[in-house]
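Provided herewith is a single structure, encoded as structure tokens, for subsequent inquiry.
All chains are identified by letter, namely A, B and C, in their written order; residue positions are counted from 1 within each chain.
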Amino acid sequence: MDVYSYLEMVREKRPLVHHLTNWVTIYDCAQVVKSFGASPVMAHAPEEAADMAGMAAALVLNIGTLTADFIESMKLAALAANRRGIPVVLDACGAGATPFRDEKCFELLDAARISIIKGNGSEIARIAGRDVRTRGVDATDVGGDLPEIAAGLARERKCTVVITGREDIVADAATAYTVRNGTEMMAHVVGTGCMATSVIGTFVGASPHELAAASAAGLSCFEIAAELAVKRSDGPATFKQNLFDCIFQLTRDQVSSMQRIAQ
Amino acid sequence: MDVYSYLEMVREKRPLVHHLTNWVTIYDCAQVVKSFGASPVMAHAPEEAADMAGMAAALVLNIGTLTADFIESMKLAALAANRRGIPVVLDACGAGATPFRDEKCFELLDAARISIIKGNGSEIARIAGRDVRTRGVDATDVGGDLPEIAAGLARERKCTVVITGREDIVADAATAYTVRNGTEMMAHVVGTGCMATSVIGTFVGASPHELAAASAAGLSCFEIAAELAVKRSDGPATFKQNLFDCIFQLTRDQVSSMQRIAQ
Amino acid sequence: MDVYSYLEMVREKRPLVHHLTNWVTIYDCAQVVKSFGASPVMAHAPEEAADMAGMAAALVLNIGTLTADFIESMKLAALAANRRGIPVVLDACGAGATPFRDEKCFELLDAARISIIKGNGSEIARIAGRDVRTRGVDATDVGGDLPEIAAGLARERKCTVVITGREDIVADAATAYTVRNGTEMMAHVVGTGCMATSVIGTFVGASPHELAAASAAGLSCFEIAAELAVKRSDGPATFKQNLFDCIFQLTRDQVSSMQRIAQ
């Protein structure tokens, strides 16, 4: 896969990526989209959620700090996105932590067509019906069959499934990618998981007919920048700053020489 | 204009700047006020919005992530500000993107006396009645007559109008300033527009009888700091950090030698 | 007191710290918990606030951007925390600024058992019944008897009371600690007060049977990191970044040689 070609599409098309996301990492979600050269917008009022999705190239839903009302706005936005045929990415943030989160995830999945479901191992395992528990928003160990869980959920829900972790898995009904970029430091920064979802939204916004490939390419670019950033960082906060800067400056040479994707 | 004298007023008076703003850039709005030596407070509950405005030196309203309820709190705060005669600054963030935003902007403008309307080119053009569309929260091209649009809206609404962009325009019924400080890097950072509005709130909070001059001076100071910050930055994130630091340390020499304001 | 031993407990137990906090500093509250090696989670929907508190090691309540609904969720979370016997820390952010804040603080204190009340001088003085006014969220001078105010409130409410400032006071019915670490630069960064509360939540989450000692130790560690961070900083923003990094890397030698706690 030529990962850089997907980044080029982002920089050329500058897709507008509409978010309904959580209040913890909302800034970083916006800034990561902007650092890649695209355009973020956050708008959750029920009166305008559909209109804003109606001018976007992709929709990102993240349930990190969900409320019942917020989910209703997400449905309106997702249905508008479906009508226009733009990709909808759901971050199942904290699925498996409380019954409320699980229930609302399933409600969203049933109410609209979700193109990509993304989470960590225990979040996705929970959405796939496993009896696991997520520790707040941190993954718990669910055993070694994550690729099977991803592929099974992709078939069941007719969508693309992304599991992030030491290795990222991107699976749809037909194929599966493994992304092996990244650094351990990402786990020490709040919001790298949310940012990864916004990156996926950005890349599928620019390449809407290749959901799995664009998702994998986006994750690879994001994590290559992380590998570059950690080398000049003293801890999680300087790392996060350098991550944005490295994304902003990412070159063809860096991406081509560092990409680690297997199909 | 002696721009530095307005900064001195901010540092001496340390105005309390009450915000009802969006959830994306709320931290940066607070930190930019604090970096200038003033005191930010964010409070949006309808039960206290008026009380908090009642102890502030200026009120900043930003509709970035508006909801209908939030607008009601803004009205309460704005009316309390009007009763006390303190300046009210409205950031028409995303006006022109959805009908809901336009409608709520006009509702605010009709419900209370707004001292300063601020936005990018397409946001202000929309408030001035032009048939333009904003791309999410990013400006679209509205042609070359921005100074006229600003002056016309200032006369119509009997207020000061600020349009930020490559050049900033500050217009009231009597006069107009053009601020030519700043750097292209500001466009790559989420929130520089919102921060500019908080800076205006800070400067008019300290110089409430010179709305246009204080707004122009505040923008100049903010953008001089940006020019200083970009020189030691590797990308948008280190730039934003350095921007706050440069604001905090801004000297009379820097401001006097770098200010680029025309009347 | 061996401050470092409390930090070791945090790093070993990695407590899950549930927050219902404000929208201004929510990211920094999460990141400070994570930088200490623990696990933050933010969840405020009434349908899940109790469930999330039910899997946490400590609960942090911060009323910075309170609404009436939000306080109801706080009560549900606090009662769940009480049932499980985990510590509940309340940041009385802005108490003394508006009647609504005072009223809601007292409502929380009456509805559930609050283990630790934390604020700046005027916030705590107001909760202790003094006729003082807080300037937004910034402390005003309440005279020199803060240790007595803290001890009195601790006896009255049968809890631990923390007053942060140039010197921090930690008092319960039996004893009092004074923490003399920190740097003036902390006052120039939005959110250091909120972060201090999250740090207290983290440390009492790991040492729930020593509320006062663990609170004092947490503050000392946080402020030692601040002393280290300020030395390599150019202003408030690089300082905040370095603060997280220094927390992440804090060593036994640094803590032992720099701790300044008096009992």
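Methods note: contacts are C-beta pairs under 8 Å (C-beta built on N, C-alpha and C of every residue); 3 or more make two chains touch, one makes a residue touch a chain.
Here the structure is a predicted model, which means the values were calculated and not measured.
Taking the definition of touch as given, a chain qualifies here only if it contacts chain B and chain C alike; those chains are A.
Chain A and chain C carry the same sequence, and matching their CA atoms takes a turn of 120 degrees, rounded to a multiple of 5. At the chain A-chain B interface, residue numbers used by both copies make up under half of all numbers present, so the two copies contact each other through mostly different positions.
The centroid of the Cα atoms in chain A and the matching centroid in chain B are 32 Å apart. For chain C, the set of residues touching two or more other chains reads 23, 27, 241. By the touch criterion stated above, chain A contacts chain C in their complex at residues 22-25, 27-28, 64-68, 94, 97-101, 135-138, 188-191, 233-238, 241. Residues 16, 18, 23, 26-27, 30-31, 34-35, 39-45, 47-48, 51-52, 55-56, 240-249 of chain C are the ones that touch chain A when the two sit in their complex.
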